[in-house]
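What follows is a set of structures for review.
Two complexes follow with chain A in common, the first pairing it with chain B and the second with chain C.
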Partner chain A sequence: MKNKNKTIDTVWSCILAVASVLYMYPIVMILFNSFKQERAITTNAAFKLPTAETFAGLENYVNAVASKGFLQSLGYSFLITVSSVLAILLFCSMCSWYITRVQGFISNGLYMLFAFSMVVPFQMVMFTLSQTADQLKLNKPWNIWIIYLGFGAGLATFMFAGFMKSIPLEVEEASMIDGCNPLQTYFLIVMPMLKPTMVSVGILEAMWVWNDYLLPTLVLDIKKFKTIPMLIQYFRGSYGRVEMGPMMACIMLTIIPIVIIYLLGQKHIIKGVAAGAVKG
Partner chain B sequence: MASISFKNVKKTYDNGVQVVKGFDLEVADKEFIVLVGASGCGKSTTLRMIAGLEDITEGELWIGDRLVNNVPPKERDIAMVFQSYALYPHMTVYDNMAFALKLAGESKEVIDEKVKEAAEILGLTDYLDRKPKALSGGQRQRVALGRAMVRKPAVFLLDEPLSNLDAKLRTEMRSQLAHLHKKLGTTFVYVTHDQTEAMTLGTRIVVMNAGVIQQVDTPRNLYTKPVNKFVAGFIGSPTMNFSDAVVVEKEGGVWLDFAGYSVKLNEEKAAVLKEKGYIGKEVIFGIRPEDVYEYSDYPEKEKAENASLTAEVDMYELLGSDVILYFYVGENKFTAIVNPATEARTGDTVKFAFDVNNMHIFDKETEYIICH
Partner chain C sequence: MEKALKKYGPIFVLPTLLAFTIGFIIPFIEGLYLSFCQFTTVKNAKFVGLSNYQSILADEQFISAFGFTVSYAVVSIVVINVIALGLALLLTRELKGTNIFRTVFFMPNLIGGIVLGYIWQILINCVLSIVGQPLLALNSQAGYWGLIILTAWQQIGYMMIIYIAGLQNVPDDLIEAAAIDGANAWQTFWKVKLPMIMSSITVCVFLTLTNSFKLFDQNLALTAGDPAHSTEMLALNIYQTFYSRAGMQWKGFGQAKAVLFCILVVVISFAQLRATRSKEVQR
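Then we have the complex of A and B:
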């Protein structure tokens, strides 16, 4: 029995090792190529390690940062990601609190709507959405968070509501007796207890918003505002020419912040996703 | 400090279920009142109505001289200890205890003084920096008590606060609670389904069944003078023995005939049954296990002769200081707490004697007491 389990473990380890190589390969390729000279990327040498001849040092990174309004796009991406994630965390957790604690037709209906919104593909609503966003003037980096709030609410509410059910009602009642009004109960008692789910929802939503290309392309005024994923597309020049070196460097610079955030909070993701699955 | 007054208080849930059906009670200032009853009898709902966590459907609830039906929990000057402790898991013991005071806008010095004083009383001084998850069940319970204490409320509400503790800790905490009540001199309302807690802690006990008060009395009176069969059966462990019987007048006295046996009643009980016209009628009699003796141990043998029966021992239980013998009287299982030196064992035929002075006789239909 022990030997059989060991064999199964070994097989799984091999499968997962191959899967991780496949997942990591494009990123490693981008990393290597971001240190190569342009001609080495566009030839067969693209799949080779940098050599003394092809090594470009940090030139591609310098070019990426210096050109095409990289820093501005970085700022827009940060603004959109931070504002959207904060809005999702605040409003969705409050909404889940209402749904969980005020049982009734309205809250049950709301919950079903949120769950349903997760299965509606973005492509189905994107054109009407871009029209609506234009009409409502939600096409600026400082107010596009309202649209992200709408699209992120399904998953966030679902996860928050799952965790909220595991918080004993008596804790909230104790706070009411201690003198809290509903807002104080939420901000002083409920919100701190939601921390694991807050972190995991925050990371999942941040990864989505930071990397999103389609929604900002459709909604934002492209001439004025470009997020990082949009900017990368603009490394393609006219007549199909692509500045591969700076593009690779830009991709690496884009990945780094979100990878750091993910690594810092990864233990909370597991906790947050699993939370509420069983009664604590 | 405050009294509590219930005036025909009713609670009906949205689905139409009425859990409290006309609750009338006067709780005196500084009293330790215990609400006791089986699960679902409405005792916790009643407590939650005092706390303001449940709306009152009908009737009036007064705390002191204030009608509090529509007063929010934080303005009722109450503190509550929950069954699950309900501590704030993200706060330290100190912060848990200081939370209400901070909300009330007390100064840091006052908060510090009050929290440390309560921690000293409850033996929590060394744990003030810990989070609740790093505490044992008993320590958490004391934090919950401390959190209530620091506020110096007019009324202390406790909802089965000891039910999550093990037997030893429960006994310890029980005596701590009794000391605390004496020390604080505050009105305590305590909910439990554990009659030992009720009997040992309560100044008075309210026995509830299906949302209705059955009896409000001192622990001793509840035990010795139950007003109906429910109270008689609920209070006491092992429970009171009951059997249907017919009241007959024969051989110059009044007897109870039941399951092929006859027991002669004493003169007081005989007079009451005669006066109330129960001769020839069916009644229910009850007798506590400690009032059923082995015949050989009964102190007044000449009286026991007319109040004895012989039965086969169905089960023998040694509890250390006592022995419980189980036997059948007709279809009713009876228990007798007897001398631990008894030689009776399972399967033996034993002669038992009833102490008729401590028999309780109930009306068969209403189940209310006829005589003690």
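Then we have the complex of A and C:
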């Protein structure tokens, strides 16, 4: 019985190993195409490895960084993601503490609204949101985080509130009796306990903001500010011949940092996803 | 404590509430109202009653987008959840290389929809040209299956993680008890493991359902609705109504579609939550 299981397990390991290689193939394909010369990247030759004649070296990468504005886009994406995630973590965790600790009409109503906002599709508000953002001048990479705070509040408060219900009230009460005001209690006692949830929420929200395409396209001025997804869409959307080489280089430059971050923080990311699902 | 906290309420609640009002509540209410109007910006709206909604019924593209979205959603929900659950079962058997497999299968999830769409467009077009079929821009069959393969590739890893977490929470003594009672692996799966992970199934079906109905980036990048709007899903159809047609009548029309779309997604998600929640085992 035991032996038979072992052979089956080995067979499954082999099958999964093959599946993993196939799973990674699309990314690998883009990688070697990004080293080909422009004329060698045609529709039916995408599977061919670069040869001595078609090898382009780093030309596509240099082109993408130098003339396609990749670095600016990287900067904008980075600024928007970091500012939005920090704002969401700070303000939404504070808000959820209030919601879970003070019962009443406001708390319940807010909680329901946040939950509702998670289901509503973006198309419902996309036009009016972009107009509101224009009116309030929230259409710059350095203040678009206010919009993201509003739109990301649903998931974040939901996850924070779910966790806070499980932490004992006594600790907080003790600190209040010792003379802390609610702000001190929050920052000195509650926030440190939230660390694991902060990591989970931060990862989920960062994945969303970093990859978001439609919201920044509608809110930001596309001629001045392009985030990375906007830049890649712009390659395709603009009229005339598509420059495949620099585009593939851009795709690779977008994927590589994500993969590195993923490999370094894998444990947290996977935990974050599993934790988010419980409340999802 | 409640009293003291109430006094500080504004500090805790207002920042989020203000941003939520700007980012969600105002646009939502305005959007509801504008669906009964003709307008090009929020300021020149003219009330026209239900006429926007009436013209939706006559819009064949919207109706075909609805059909496309539903058939895509059904197939992709089944494909993603079955494969993800299968992988989760394999990866909880302590096989050699489990960590590597998990890492690999989850990775596509971190890549954004636009980028994914272009990666697969290049790959699928290459396959199509080798087998001598029309490319994606002229081939709606390939567009449909391309979208399913693409989103499966992206989401299987995510759902797999959720199923793994669910399976790891099934108490060992239940599985042992089943083994002592003479249940084989197949029976253990159907009679013990599956009922115990119903809450994971609820979550995963909910996520894949809402993801499929809301799908936009991948649709835009892979096919952009080509050929002739035949692979256009609801979200993309609404976007095109708003932004690729000029004239007074289109924006209100698009907003009315968006309201219908919103009601559809909300109703379907809540119906699904109720349906699968009722099958969950209480512990």
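Methods note: the second predicted complex is superposed on the first by the 224 of 280 C-alpha atoms of A that agree within 3 Å, B and C clash if a C-alpha of one lies under 4 Å from a C-alpha of the other, contacts with A are read in each partner's own complex, and residues count from 1 in each chain.
Note that a contact is a pair of C-beta atoms (placed from the backbone, for glycine too) under 8 Å apart; a residue touches a chain by one contact, two chains touch by 3 or more.
This is a predicted model, so every value here is computed, not measured.
Participant: Taking the superposition as given, does A:176 touch the first partner, chain B, the second, chain C, both, or neither?
Facilitator: A:176: touches chain B and chain C.
Participant: Once the shared chain is lined up, is A:123 touching chain B (first), chain C (second), both, or neither of them?
Facilitator: Touch partner of A:123: chain C, not chain B.
Participant: Between chain B (first) and chain C (second), which, if any, makes contact with A:168: first, second, both or neither?
Facilitator: first
Participant: In the superposed arrangement, does chain B or chain C reach more residues of chain A?
Facilitator: Looking at chain A, the partner in contact with more of its residues is C.
Participant: Is A:157 in contact with chain B, with chain C, with both, or with neither (first, second, both, neither)?
Facilitator: A:157: touches chain C, not chain B.
Participant: With the two structures laid over each other on chain A, which partner does A:184 touch: chain B (first), chain C (second), both, or neither?
Facilitator: A:184 contacts chain B only, not chain C.
Participant: Check the residue A:263 against both partner chains and state whether it touches chain B (first), chain C (second), both, or neither.
Facilitator: Only chain C is touched by A:263; chain B is not.
Participant: Quick check for you: in the superposed arrangement, does A:193 touch first (chain B), second (chain C), both or neither?
Facilitator: The answer is first: A:193 touches chain B but not chain C.
Participant: Would you sort A:58 into first (chain B), second (chain C), both or neither based on which partner it touches?
Facilitator: After superposing on A, A:58 lies clear of both chain B and chain C.
Participant: Thinking of the overlay built on chain A, is A:146 touched by chain B (first), by chain C (second), by both, or by neither?
Facilitator: In the superposed model, A:146 contacts chain C only, not chain B.
Participant: Going by the contact definition given at the top, which residues of chain A touch chain B in one complex and chain C in the other?
Facilitator: 173, 176, 181
Participant: Along chain C, where are the residues that touch chain A in the complex?
Facilitator: Listed in rising order, the residues are 1-2, 4-9, 11-13, 15-17, 19-28, 30-31, 34, 41-42, 87, 90, 93, 95-97, 100-115, 118-120, 122-123, 125-126, 129-130, 135, 153, 158, 161-162, 164-165, 200, 203-204, 206-207, 210, 213-214, 216-217, 220-221, 234-235, 238-239, 242, 251, 254-255, 258-259, 261-262, 265-266, 269-270.
Participant: Enumerate the contact residues on chain B facing chain A in the complex.
Facilitator: On the chain B side, the touching residues are 51-53, 72-74, 78-80, 82-84, 86-90, 99-100, 103-104, 147, 151.
Participant: So in the complex, which bits of chain A are touching chain C?
Facilitator: So the residues of chain A in touch with chain C come to 9-10, 12-13, 16-17, 19-20, 23-24, 26-27, 29-30, 33, 43-47, 87, 91-92, 94-95, 97-99, 101-103, 106, 110, 113-114, 116-117, 119-129, 131-133, 136, 138, 146-151, 153-154, 157, 169, 172-173, 176, 181-183, 186, 207, 210-214, 228-229, 232-233, 236, 244, 247-248, 251, 254-255, 258-259, 262-263, 266, 269-270, 273-274, 277-278, 280.
Participant: Would you tell me which residues of chain A are touching chain B in their complex?
Facilitator: Residue positions touching the partner: 168, 170-171, 173-181, 184, 189, 192-193, 195.
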